[in-house]
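Next, two complexes with chain A in common: one pairs it with chain B, the other with chain C.
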Partner chain A sequence: MDFSSIAFANSLILGLSIASIFFVAALGLTIIYGTAGVINMAHGEFIMLGAYTVYALQTFVGIPYFLCIPAAFFVVGAIGFAIEKSLIRYLYDRPLDTLLATWGVSLVLIQGTRLIFGSDPKYVQIPSFLSTNVEAGGLSLGAFRIFIILMALGLAAAVWFIFYRTDFGIKVRAVTQNREMAASFGINAGQVYSFTFALGAGLAGVAGALFGALNIVLPTMGAGYVVEAFLTVVTGGGALMGSAISSFAIGELQSIFALITNSTFAQFLIFVVIIVFLRFRPQGLISASGKRR
Partner chain B sequence: MKLSRRNFLKNSAVASALAAPGIWIPQSRGAWGATLTKGEPIKVGVLFSLTGGLAVPEEDSTLVMQYAIDEINAAGGIAGSPIEPVIIDAKSDFSVYSEKARELILRDKVISIFGCYTSASRKAILPIVMQRDNLLFYPTCYEGAECTQNTVCTGPLANQHSKDLIPYMVENFGKKVFFVGSNYVWPKESNKNAKIWLKNAGGELLGEEYIPLGDSEFGPVLNKIREAQPDFIFSTVVGASDIAFHRQFKQAGFSAEDMPIASLTTGEIETKAMGAEFGAGHFLSAPYFQALENPTNEKFVDGFLSSPYGKNGATHYNMAETYNSAYVFKAAMEKAIENHGFDEVTSARVREACAGVKLGADVSPEGETWVDGDNFNTWLVPKIGRCKSDGSFEIVKQADEHVAPDPFSIYPDAGSCKSNGLVAPDGSVRVDVI
Partner chain C sequence: MNQNIYHNKTLQWLFYAAAFAVLGAVPLISDDAFLLNQLAIYGVYGMLAVSISLCWGSGGILNMGQGIAFGLGAYCMAMTMQMQTQAEGTIPPFMLNNGLDSLPQLWQPFQNTATGITLALVVPTAFYLIFGGIMFTARVSGPFFAIMTLATLSAFATIFVDLQPYTNGVNGISPPGSLNLGNLEIDPYSSGAYWSVFAMLVACTVAAKLINQSRFGLVVRALKDDPERVRFLGYNVAVYETLVYTLSGLIAAIAGCCFAVLTQYVSPAQFEVGFSISIVIWTALGGRNSLIWAMFGAFAVQGAQSYVGDQFLSTWILILGFSFILVVRFLPGGFAGLMETILGLLPNAKAKTATTNLEFRDAKEVAK
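Right, the complex of A and B next:
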């Protein structure tokens, strides 16, 4: 391979990594939006809570990083469950109010975190073998980025399994398609929503556990990721497959644009592409089936 | 004309419209100025963000300002009057900055404002400060290219900042350099200066990349760096992005030994935030480091960290510059009170008195500095520090003498900044250049 084709191949590989970050950020939002129809403005803060969970467990308890990731899932999932039980479930019939309520929740979570941990930045430690670079014939990618790609694949497979191969998944899909009909068949729709919301929050927690190592851990760190997540979900249409395809496309395009121009202009181009796309396909790539309440 | 209700209203409306300029617009800019009363506290505004994206490091600026004011008040205040800070949270929102600056001047009648970390917020409040002829102490580094009659700056200008850093890096690591910066005015102007120093040092610029402010994806930039293979990197990335940059730099397999990052912003607070292992081996140019060994700095570090304001656990260049601005204010106030009397002190007279104010090595933690009498920026000694494995810095080079601030160093055609305005080469004077 000549020089520029190596650079191009490297940017394709990097695009895969950016795509996996977008996908992991969007996964929890996809589930909550695609299933319950709740536009969760607090999604970025769930990601932030995941990062803080890892920070707290590492600093105060001394748990190794790999155990912190599932811990973040359960801690943030539990917080999501509590929020759903105490607030969101009263608002399912009022989509606009869930928007405001979850935004309020996000403010509470930011300030609460600031009160507990302070507003100075924290960081997440990762094992040193993840802080290396893997190279092969001129191609290279950081080990941690490879780890995120693997995590993205793993999470996608797990979510697919839950939704399409378990009883819970059948109930979720039934409730998504027609809540009243599902309820008349004895499915506890409220409970299904609660666990779905908790699952989405937990996945955001995992995302936070990963991003905390890549970035800075701050009470306001969620704001950046929630934009990525919404872009992915809206472009994808709310379905799992849609999010996977749209994050792949966005990641690759951003990487290639950044190679040809620069990072700032690449971001601008991405927004333009998405706006033009949504002009012609406002429902997104693969719109979630079934009727909305 | 019969005096009817309607006519009366019409006539009085016309009359008041005609009279309005005389009533509402004072004859001089100083007519809004705060006045001091003997025995009453001296009010100053402290306008930084305590929340939002700029809270790091602006929260530290607020804390160190409170510490400095407490210290001054404990030592008897200014001519017997204590300083009373009016602390505002600007919420990292530029419209809040300008709104609150107006409130501070008109409602709280502060004699000066200490505030802002970014050039964007400074430019947001300067029109208001200039309109009311108040005074802004801007306590951090910036790009220059401004000449107002209402600011005093205690941090390094672009021409002071990288002057020693670039030649030092070229000499020790090689000629080839890659510029990375955040995408806004300060990095771009700083890089214009850096290019001049680079040319003088015989260096070669391989590439220049800017990242959106606050963005955390450095993959594409790191790929370009890998391809260009520079000898070192010159960074003007700020804030949260800077921390992400250093972390991803190491995670992408680069090492500080082979390709160090020479930064203008990565100080003690950033290395603490990213984890010291990610900062170790990289370089910073600043007039102040926590590790400076002098009695004033030791007193400052110990005093601050053990005070209620020292909760974040570090001191850094931005804090030292903010701390110094409080003492410049104190010295200027005392001079203005001596010259004009306590009741006659205005913001403009404080500004005037700032000219040439010298902070001795017994006051300034970074060593002796003084305010330039022409452009009201600060003469200081830039130092280069290398981050150690514990996140603190060791000083590897210190300029032999003070470097003069020159806000228009890269725009010689614009003229030079004097106390009465920007004097162009043809002799014409422009005021309020921002």
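Right, the complex of A and C next:
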């Protein structure tokens, strides 16, 4: 391969890595938005909490990294469950207000974390074999980024299994399609929403456990993910498959644009492409409920 | 008819007059230059809250990207002020540092003060007209539109950081001198500057109030409740939505101009997501349905933030977050809504409501 095609192949691989990060960030949001139609502005802060959970468990308890990932899922999932039970459940019929209330939640979470842990950056330790670089024929990618790609595939499979192969999944899809009808068949819609919200929050916690090792951990780190995650979900239309396709497309496009121009301008171009796309297809790629939001 | 004196138009105008009389009298009481400048900046925040109240409270269009118009207006104004201090044929120092040797096309129009100020108002308004037009004809609405404004705002923040040679990137533009209008220099720390901003605030609020009371405002409020029905009644919903969104953008652009004049500084921080959302928070706390209460919301939140002191700032943000959650959950109308409820409990109103209920019951019995 000559130099330019190696550069291009490298940027495709980097694009895959960006796509997996977008997908992991957007996964929890997809579930919450796709099922309940809730725009959860605190999603970035759930990611941040996941990263802090890993940091706290490693520093104060000394738990190995791979056990911290499921721990982050349960800790953040429990926080999400509590927030749903105490606030979100009262706002399902006021979508704009959910958006505002969850923004308030994010303010409280950022500030609370800052009061407890301070504003200085924290670091998450990962096993040494994950901090190497994998190289093959001029192509290279960090081992941890490959780990994230594998995690993205694993999480997608797990969510697919929960939604399409379990009783809970059937209930969730029934409530998504028609809440009243599902309720009249004896499904406790409120409970389904609570557990879906907790599941989405837990997945954000897993994302945080991964991103905390990728970057430094700060109380404000969530803001960097939330807008991209939203665009991924909205472009995808709220369905799992839609988010997978849109994160893949956005990641690859961003990487290719960055090769042609620079990474900041690439981000701007992505915004423009998404806005133009949504102008012509406001319901996104694959609409979860068939309802237009 | 006036069951609740909160809805009495004459009293509303009297309330506006009283509030503005108090605000306008501040420079007569105090001549502390720093205080006047700070209060004038609060006036700018008040304008932003009024603009959000106009499109969100009246039209139901939640705009989380009001920083777009605000930032564009502020940048255009700062560019004009920067060019006023440049001698003929020289270019701003930061451009030299970024490798430019002549004034870029983008900056040419700002050499003329009148053109610059006109652009500061026209550019954001035109952008809102086009962006709103595209979005509303595609029937993008509700939370969806809010996300789109947020994304567009982020795109602007990115591009203004990236265009370093033209915008000085994250450092922003800080014009060395204050704005000159003809022979008049507007010193940002003078009572003249305070009164100019105050006049803008009054003009914007009164204009927005008149819009709300007009026939146009009635249609806008109707489409907040049920756009589908308004559409079936033969109104072009997209036109009304675009217009009210554009008008709110114009107010934000005026606020942006005032901000640049007062602070002599703009940076991509004006495009920050957090800032645009805090405008929404002020409006929600004050009361989205009332222009003047939205303005009070801005004063209260920003004022409290400046005076709690640095050591309490972290606790303050926690309190702000919690009170915002509580207001959204229990008091969707903000303090204006609370005011409406309290005034509705006055004896006069009670008697009227009671009779109405009685009549209603009679009517039901007749129907039986």
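One rule holds in what follows: the second predicted complex is superposed on the first by the 289 of 293 C-alpha atoms of A that agree within 3 Å, B and C clash if a C-alpha of one lies under 4 Å from a C-alpha of the other, contacts with A are read in each partner's own complex, and residues count from 1 in each chain.
One rule holds for everything that comes next: a contact is a pair of C-beta atoms (placed from the backbone, for glycine too) under 8 Å apart; a residue touches a chain by one contact, two chains touch by 3 or more.
Remember, predicted model here, so these are calculated numbers, not experimental data.
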item: Touching partner for A:Gln191 - first (chain B), second (chain C), both, neither; value: neither
item: A:Asn215 touches, of chain B and chain C: first, second, both or neither?; value: first
item: Chain B versus chain C as contact partner of A:Asn262, first or second or both or neither; value: both
item: Partner chain(s) touched by A:Gln177 [first = chain B, second = chain C, both, neither]; value: neither
item: Touching partner for A:Val227 - first (chain B), second (chain C), both, neither; value: second
item: Contacts of A:Thr166 with chain B and chain C, given as first, second, both or neither; value: neither
item: Partner chain in contact with A:Ser17 - chain B first, chain C second, else both or neither; value: first
item: Intersection of the chain A residues that touch chain B with those that touch chain C; value: 114, 223, 262, 264, 267
item: Chain B residues within the chain A interface of the complex; value: 50-53, 55-56, 59, 183, 209-212, 214-217, 219-221, 223-224, 226-227, 240, 243-244, 247-248, 250-254, 269, 272-275, 311-313
item: List of chain C residues in touch with chain A within their complex; value: 60, 62, 134-135, 138-140, 142-144, 146-148, 150-152, 154-155, 158-159, 161-162, 273-274, 277, 280-281, 284, 314-315, 317-318, 320-322, 324-325, 328-329, 332
item: Partner chain C, residues of chain A touching it in the complex; value: 39, 87, 90-91, 94-101, 103-108, 110-112, 114-115, 223, 227, 230-231, 234, 262, 264-265, 267-268, 271-272, 274-275, 278-280, 282, 293
item: Footprint of chain B on chain A - complex, ascending; value: 3, 6-7, 10-11, 14, 17-18, 21, 114, 118-123, 125, 130-133, 135, 140, 142-145, 213-216, 218, 220-221, 223-224, 254-255, 258-259, 262-264, 266-267
